[in-house]
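Next, two complexes with subunit A in common: one pairs it with subunit B, the other with subunit C.
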Partner chain A sequence: MEIVQAAMAGTLESSDLLVKVSPHDEGRLELVVSSQVMRQFGGQIRRVALETLARLEVEAGLVVIEDKGALDCAIRARIQAAVLRAARCQELDWRVLA
Partner chain B sequence: MTLCTLRRSMLFLPASSAAMLSTAFVHRPDSIMFDLEDAVALREKDSARLMMFHALRNPVYRELETVVRINPLATPFGLPDLEAAVRAGADVIRLPKTDTAADLLELEAQVERIEMVCGRPRGSTRLMAAIESASGVVNAVAIAMASPRLMGIALAGFDYVVDMQTERGDGTELFYARCAVLHAARAAKIDAFDVVFGDLDDEAGFIREAELARRLGFNGKSLINPRQIELLHNVYAPTAAEAAHAGKVLAAADAAERDGLGVVSLNGKMIDAPIINRARRVLQLAATSGIRR
Partner chain C sequence: MTEPLEFGTVDPGREPLAAAEIRQLLAACELELEAGVQVFLVCRQGGQLVACAGLEGGIVKCVAVAEAHRGGSLSLALMHELGCLALERGHSHLFLYTRPGNAARFQGCGFHPLVEVPGWATLMENTPAGIQGCVRGLRRQRREGGRIGCVVLNANPFTLGHQHLVRSAARACDWLHLFVVGEDASAVPFRDRFSLVRAGVAGIERVTLHPGSRYLISRATFPSYFIKDRCIVETCDTAVDLLLFRQHLAPALGITHRYVGTEPFCRLRWRNCPGWRSAAARSPPPKCAGCRRRATSPGWPPWCRRPPWT
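For the complex of A and B:
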């Protein structure tokens, strides 16, 4: 999936996360994660994010995540929403999103 | 006799709210309703749909009955909502603004198609119709009987009173609609759900309305705040006297069956099947809700 514009999804409310996605200047994939629970769950958040991006076949883009203690299901949903918006994708393949 | 599924409390949960998605199951309502319609802003419909899709696949939501209120199929959001909800394994799809049986048949056909495509067992997705207009109330019987997938119909008070050119008051304004929806549901042997009570600070008013709904025969109410769950379950809990009497009824029925008697009696009064079934339901409620305080 190609990131063609800047987009975001989510909020900075407790238990949520804000995901910002934009094209990357150097044409590579860069993931930046900050979290209130970075020490405890930073690795897990990165793992879920990278897995979600891989399933969407995002190979290039800057993905910035500000986590406020979200569950994995919210992380997946917000990343997918931000990427689909950034890719201007209207056609959803639920097998890929699952 | 199979005891029926308890559906006293159906908690609305805006699917766009991560905080509520993370905690709603803790409050143990009988059903949780992920709302993709009125509680979600237009520009957040896509994100909320994905939140619902992934939350439903989370094991914490597998122990509760899950309902998804989709947007009307006539909107651009309705069909994607339905695709996501059926594929994610929602137990029930709630169709808002159901005015005719045809609305439900259209939904049924789409659900059947999606079940086939995604490999979900045919018929495993149940439906609920929300009646929110004068047309819906007038057509309630046809709606209630439209599909074998239908597990219940709900009256939605806010849109209904607007359509009737009135406003929420002491309940008089809803009296005909409540009775019409309830009779349609009972005639079709499905459940009936009463309206949301919107004033969270009026606990006494909520209990009064819940008592009315219970006495009329509604299975439960739609709720907008977890604080209302315990209050509602207490309203539906039997009194100590009712539970004690139900225990005696079942003991008498068991004794008569053991002794091979065709007629059951308790304190000189004949007990028939509806009374025995009612006693079983009272004890089921006592086991789940406790005794009314």
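For the complex of A and C:
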């Protein structure tokens, strides 16, 4: 999926996360994660994020995650929503969103 | 049961009644309604204004929450809505000024501190990847050498004087980084200014030409709204810009000297130099080097007894 505009999803409320997706200046994929539980779960958040991005076939873009202690399912959902908005996606492929 | 919060927008130029209400709330928080604010996000409860936040392009201004509504999570909801409003208006990268004492509150709302002028102001941006990305990009263009120079030009438009400054600076340095101010606030648009500069410095060796960023003399790095004393505002403005340059951009490129032209009719440029070297920073301060005018020197301006770099 191609990122064509800046978009975001989520909030900074407790147990949620804010995901911002925008086109990358250098045309590569960059993931920035900041979390209140970085030391304990930073690696896992990164892994979930990269898996989700790979399933959506996002190859380039700047993805910024500000986590406030969200569960994996919330992380996946917020990333999906942000990417779909950033890609101006009109028709959903439910198989990759499952 | 408390009434729900309702968010809406106000165009201060077109809605004088709502603007007066906002002005009242701001005054209660010791703030003024800034003339440049294009749109206000307002939060009402039972019809009464309880919080507001303004946008001027990508710069957040005039954020206030009524005293009785503090202590909850209203500011977080307000700043979240403001982020959505800004995105709708095409601004995903936001800047914000606040008093250093309030920085922690905005940090909880997704803003990250860039620089602080102790006691006066903190500049923040709404992404953890902003300045770092810019610095990483610059680091790749780093050149090694004993004397690495930097010139920042608005070049509105590019003149022989600018060319002279660049040539003199390039001659004195092992490498020169030349930045063209990116903000489109001048008579000549950025694209034209940039191509004029590129053509004007084409023959000069050991120069890298950079398009300016929002971190270098832009609307974002020059605040002027919550400090009422105009004189302090100007000093504070230049301090923020120079601290950003000094703490982030200069170390990335290894800049040792920043060159400025003498401008007898511009007060700001004379103010630039003092102070920024003494402020706390992680790296050794770049030196400020001057460049004499080529033609007959007009002499130092009356308010400056000697050039600041001597």
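Basically, the second predicted complex is superposed on the first by the 98 of 98 C-alpha atoms of A that agree within 3 Å, B and C clash if a C-alpha of one lies under 4 Å from a C-alpha of the other, contacts with A are read in each partner's own complex, and residues count from 1 in each chain.
Heads up, the rule we're going with is that a contact is a pair of C-beta atoms (placed from the backbone, for glycine too) under 8 Å apart; a residue touches a chain by one contact, two chains touch by 3 or more.
For clarity, every value in this text was computed on a predicted model and none was experimentally measured.
Subunit B and subunit C, once both complexes are superposed via subunit A, fit side by side. More residues of subunit A are in touch with B than with the other of subunit B and subunit C. In the superposed model, A:44 lies in contact with neither subunit B nor subunit C.
By the touch criterion defined above, A:9 reaches subunit B but does not reach subunit C. Legend: residue contacts after superposition of the two complexes on their common chain; A:22 is shown touching subunit C, with no touch to subunit B.
By the touch criterion stated above, A:36 is placed in contact with neither subunit B nor subunit C. Contact with subunit C, but none with subunit B, is seen for A:64 once the two complexes are overlaid on the shared chain. Minimum Cα-Cα distance between subunit B and subunit C in the superposed model: 7 Å. In the superposition on chain A, the residues of subunit A contacted by subunit B and by subunit C overlap at 11, 13. Of all the residues in subunit B, the ones that touch subunit A in their complex are 18-19, 21-23, 46-47, 50-51, 53-55, 57-58, 80, 83-84, 87, 118. Touching subunit A in their complex are the following residues of subunit C: 73, 76, 80, 83-84, 87, 92, 108-110, 127-129, 133, 137. Contact residues on subunit A toward subunit B in their complex (touch as defined above): 9-11, 13-17, 70-74, 76-78, 80-81, 84-85, 92, 94, 97-98.
Subunit A meets subunit C in the complex at residues 6-8, 11-13, 18, 20, 22, 25-26, 30, 32, 34, 62, 64, 66.
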